[in-house]
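Input: structures, listed below.
There are two complexes below, and they share subunit A, which is joined by subunit B in the first and by subunit C in the second.
And then the complex of A and B:
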């Protein structure tokens, strides 16, 4: 049965199978996003360091994430590390690690750009109001950096969520894999993939919608 | 009242000398206009006074405090207001919050009383209805008037104006200069860097003419515009008269 709208659907069994997959997808995405934000700050600060070696290391990190497909990274960590280093990860952990490393460079580039583009004159204006360095960071620099970075970071988040579907290939049962299991059982590919389409859309679209709104509202100053 | 005294002030950037042995005294209530060709160091001089550029040598004395190259400027900045060419209002804050930030966060004054002062200052610059507006909703001239009110809200003893009309459309220059003229009439001590010669003549108690990082002459406006002492000042003024001739219709 491959029609888009099957006459009868066992909603209960579909939901009980998809739900853990959905949670797994969100868990992997959320953990890698947290890693990415922390790693991104480190990446941005290190990229602007006085030490050339540190800057070079960040550059290599970035190019390594960009030049080598994420799927290859997943295989390297999931299949390679146990063989070479005897470190054994679960699929989810390997995924969080790889996506965290990748997201760190993506978020890091956002932070680095915002720091580089930060208007020096705004700092001066705040200093001329007799504010201390700490007060300038708190009242001017950080609010402005948040406005600069939150919209593009939300786009990084949607990309992270979508990319979690790659983990299917290192045997993580996330949303897409859960859907495939239902398809194997019920032979209703069109319906389930249609459902997955809607689910991914419902998770990602609000993020990119908010990102667009915030960008328009914040970047007119 | 507070006087400003600059002693042998110098500023170097790399190997080039931007300011060279500047000596200047500004009396309380005095309006000093600094003129000079582009790149003569007049903006840098204002920025040095507020510690935005480091002093390479010399000192600044203001109201009993003496500052050198390595001093901390935060205390002085709480007593001196500065206005920039490009306004530099904080885009994420409303007009009211822009005015309150320095006094409340920096000077630790009461928010309630400062708000009363802020509203009065906005009224004075003709923007009493913009308290809750964001800078992006205002015209250039309005933003600049808010920037002046923001500096005044610190209740400063002296104001520094760095080419504050240079980025404005001609019709907005007037509204900003009016605010300055009222301030001068109230007895505020002011240092003004500008290219508006007519305004300089009308408002200044004293004209400082700079060239190549040095003060060439200090004169009264009457004398400076009629009969400047230095040759460089004469050339500078002639360029402006040339432009006036150019804009006149041929007979």
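And then the complex of A and C:
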């Protein structure tokens, strides 16, 4: 058992080893968030389609992502797809794919809810005031949709960032794995995991805090 | 696909499902207790207790479960506390789930009218009686779908405890792949086990939400 806190020299190596892991975590989270937003729009539009088959497919996608734990999907894609389909992934790619598929349904449900709850009267009132279609979108529809979707989407982003830590189980070198490598070398698990705990909190808390603030402010306004 | 081999693995997977349900079930039970107590405490107590509970909620919700697990399992031995992995798993899941349940119940309380407790006190009921007989039945009834959804979420998160060598389904799978190199067979067994556990759970949850909405 070593000292709880590393000396100043070790700090340097801790930072140099954790930094790439942190970047990789943020990279995976950002890529899956972009995928989720794009997929979410598709999901929302398809869920409101006239074609029952398309709606059923979206419903099955949602239920599959919700019922089966994310880690199981991660394992299936990372270990399974190379065998079944002959496609070989890097761990990061598998993670981005799975998190993107999952995030698409979560973001998609947010978009779908906003579209369904959209007050038609707003549109008609704006048209009565003589606003052009472009002006209605610019000044009425888009601000309303932003208010309804941005706070929950920020929560989806927080969950995505937390979820990136799962990739350690398919041996991607992200923040958690980088920390583990330092521990294997230096044997100071409490300090490093404590540091990771704080790091994740520092990344996620501002997001969920802002989400809460925006939600309260925009609900009143 | 080696069917014979897969059949031989079934007992291992049955016990893995058992471990998963035991760990998840214990965590759901304890987290419900924590959520119930904390949500009640949040109703009216000193600002200090409220601040402590709110900080706990934020910390538990904004950190990944896997780091919470690692802190308990790999970190605590540094200060001389060595706990079995199953206990660490239940503790971490309870820590996380308690925060989520507190949020669920708090939302239920905030939907209740202030006059409910005032009327109850006016009738001479004690504080405990007011919570026990007036407020909690309503909160519980109102938040039943959200509570069930959170419990299901917690059970799904149980798969993550494989990271600290708890012998549940995911751990049995990675272990099996590492020992026998029979990826195909083990992944199939993993999928079957998870579908058997989580799909009925999900269907039951949907049924509950559906029925609750129409009552």
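Criterion: the second predicted complex is superposed on the first by the 213 of 221 C-alpha atoms of A that agree within 3 Å, B and C clash if a C-alpha of one lies under 4 Å from a C-alpha of the other, contacts with A are read in each partner's own complex, and residues count from 1 in each chain.
We adopt the following convention: contacts are C-beta pairs under 8 Å (C-beta built on N, C-alpha and C of every residue); 3 or more make two chains touch, one makes a residue touch a chain.
Since the model is a prediction, treat every value here as computed from it, not as a measurement.
On the superposed subunit A, the two partners subunit B and subunit C both fit, without a clash.
By the touch criterion stated above, A:144 is placed in contact with subunit B alone, subunit C being left untouched. Taking subunit A as the reference chain, the count of touched residues is higher for C when subunit B and subunit C are set side by side. Vertex at the C-alpha centre of subunit A, arms toward the centres of subunit B and subunit C: the angle is 100 degrees, rounded to a multiple of 10. Legend: residue contacts after superposition of the two complexes on their common chain; A:166 is shown touching subunit C, with no touch to subunit B. Residue contacts after overlaying the shared chain place A:72 against subunit C, while subunit B stays out of touching range. In the superposition on chain A, A:135 contacts subunit B only, with no contact to subunit C.
Shared-chain residue A:48: touches no atom of subunit B or subunit C. Per the superposed model, the minimal spacing between any CA atom of subunit B and any CA atom of subunit C is 22 Å.
Subunit B makes touch with subunit A in their complex at residues 50-52, 73-75, 77-82, 84, 86, 88-92, 101-102, 105-107, 134-136, 150-151, 154.
Subunit A makes touch with subunit C in their complex at residues 1, 4, 63, 66-72, 75-76, 79-80, 83, 158, 162-166, 168-169, 176, 180, 183, 188-191, 193-194, 196-197, 200-201, 204-205, 208-209. Subunit C contributes residues 58-59, 61-68, 70-71, 74-79, 156-157, 159-160, 162-163, 170, 173-174, 177, 183-184, 187, 190-191, 194-195, 198-199, 201-202 to its touches with subunit A in the complex. Chain contact summary for the complex, subunit A toward subunit B: residues 121-122, 124-132, 135, 139-140, 143-144, 147, 218, 220-221.
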